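As written, the chain order gives the labels A, B, C and D, with residue 1 at the start of each chain.
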C-alpha cells in the first residue's frame, strides 16, 4: 500500500488524468476513491458530462484499485471495460469509488461507481465493470 | 442524412469532443467515420493513449452513426458501452469507424472500431459495442 | 410484489428455466434470489459449470428482479448482458442474488451475483451487469 | 488446425454442449461455425429462445475459434462475455459464426454472431464480444 502523496504523484504522471484534474482521495488494499471538478469543456451537447469523461474517471479509479494489490514490478492494464450510464451526470463534481472483485495472477476484475455531486445531493450516475491484465516484471 | 458541414457543427457543439479535436470524416445511413490527432495530454503513464480517450472517440462516433438513422426530433443517448482494448494505442492519429447493427424504436445497437495510424501503418486497437436509448420528441 | 408461489409458477412457465431446475427462493421490490442444483449435464469439458448455465441463472434472476418493479402489463426483456467469470463454478449448487440498480420508464439496469455452494463453502464465481428494455402493455 | 471429426468429439466432451445438441459445422484458423436445432425446452416464457441458450451457443463457438489458434497444451477459457440481444430468436435453428479479433500470449478477444433460421430466412439475432484467458501447459 502506498501513501496518498505517492498516489497523487502517480495520478499526475498520467497526462490525461492530470489534464482532466482527477485527484485520488483515498487508497487502500483493493480500493480507491477519486474526485473530479466538472468543467464546461467536459460536457456533451445535452449539457451532461460526456460519457467519455465518466469512463475515464471510472476506468482510472478501477485501475488504481487494481494496482493497489499488484506485487512489486507488476502493472494492471485495462483489457476491457463496460460502463452502464444510469442517469445523466450533472453538477459540480463527480466522485468515484472502485473496488477489486477478484485479483488473480494474470487477471484482475474490478468495479467502479460514479456519483454526481450537485448542491449537496450525491446521485449514482454510472457503474463500471472492468477486466485488467497483469503485466509482470520483465 | 445530413451534410458533413452540418455534422461538423454538431461535433463542435459537444464541448468535450471539440476539446479533444474529434472531427467527422464521413457520415451515411447508419455509419460514421471520425479522426483525432493524438496529443501528449491524451496519454496514459505508459505512453499509450488513455482508454478514456479511446472510449470517447468510439462512443461519440457510434452515437453519430445512431443519430444518422433517428427520425426528426429523436436523440440517441448511450445507455451502456463495452470497449475491448486489443492493442496499445500509439501513433499520430486515431481513426474510428462506427456502424449501426440494429435500429429499433426505443433502442439502437452500434459498434465502433478504433485504429491507430502510425507512420503509414493502420492497426486495429479497440472495438466498442454500445446500446443507445432513443429519446423521442416531447 | 407477488407471492413466492406465483413467482414459482412464472419460473416454471419458462421452459429453459424449468429444464435447468432454477427455483426462486425469495423476491422483493427490485430483488430476487434463486438457486439451482448442479447436474453433470451442465458442465464444461473442464468439469466446471458451463458459462452458459451461469449466464442463464444470472440473467433470469436479474430479469425477475427487474420484473418485480414493473407496472402491471409491462415486461422487462434483456437487451444486453455482461458476465464476468471470476472463478470456476464447482460444487453442489449455484445460488444467485440479483438487484435493480435503476428502474426507468424504458430501461432497467440490474446486476446479479452467482455463488457456488460446495461442502459448506459459498464462493462468488460470477457477476452479471444487464440492461433490460421495458415493453409496455399493447 | 484440427479435423472436423476431432472438433465434433471435443464438442461432445462438453456435457452442456452435448445436452443442447450444439454441433460444429466448420473450423479454421481463428474461426468456427456451429448450429443448434431449437427445441421447445429451450424457450423463454415469451416463446423466443432463452438468452441463456443464445449465450451458450455464442460463447462456446467463440471459445472454439480461440482454441483453434492456441499453441499445443494451452486452453482458452472465457474470462468475460457481453451479449447484445438485437432481435427475438425464433425459428427452427440457430447458426453461429465466431472469429478471433486478437490472439495474444495471455488474452484472446473473440466475437460471435448468432442467426435465427426460420422458413428460409436468416436473421442476425445476437452479437457476442468475449475475452478469453489463456491457460498454459503446467
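Here are a few things to note about the model shown:
Just so we're on the same page, a residue touches a chain if its C-beta (ideal position, glycine included) is under 8 Å from a C-beta of that chain, and two chains touch if they have at least 3 such contacts.
Keep in mind that this is a model prediction, so the values were computed, not measured.
Across the assembly, the mean Cα position most removed from that of chain D is the one of A. With rounding to the nearest 5, the Cα superposition of chain C on chain D corresponds to a rotation angle of 180 degrees. Averaged C-alpha coordinates put the centre of chain C at 21 Å from the centre of chain D. Centroids of chain A and chain D (each the mean of its C-alpha atoms) stand 33 Å apart. Separation between the centroids of chain B and chain D, computed from CA atoms only, is 28 Å. Shown for chain A are the residues that touch two or more other chains, namely 79-80, 82, 84, 109, 131. Per the touch definition, chain A reaches chain B in the complex via residues 10, 13-20, 40-46, 50-53, 55-57, 59-60, 75, 77-85.
Those residues of chain D that touch chain A in the complex are listed here as 79-80, 82, 106-107, 109, 131, 133.
Interface residues of chain D, counted against chain B in their complex, comprise 82, 84, 86-87, 101-102, 109, 111, 124, 127, 129, 131.
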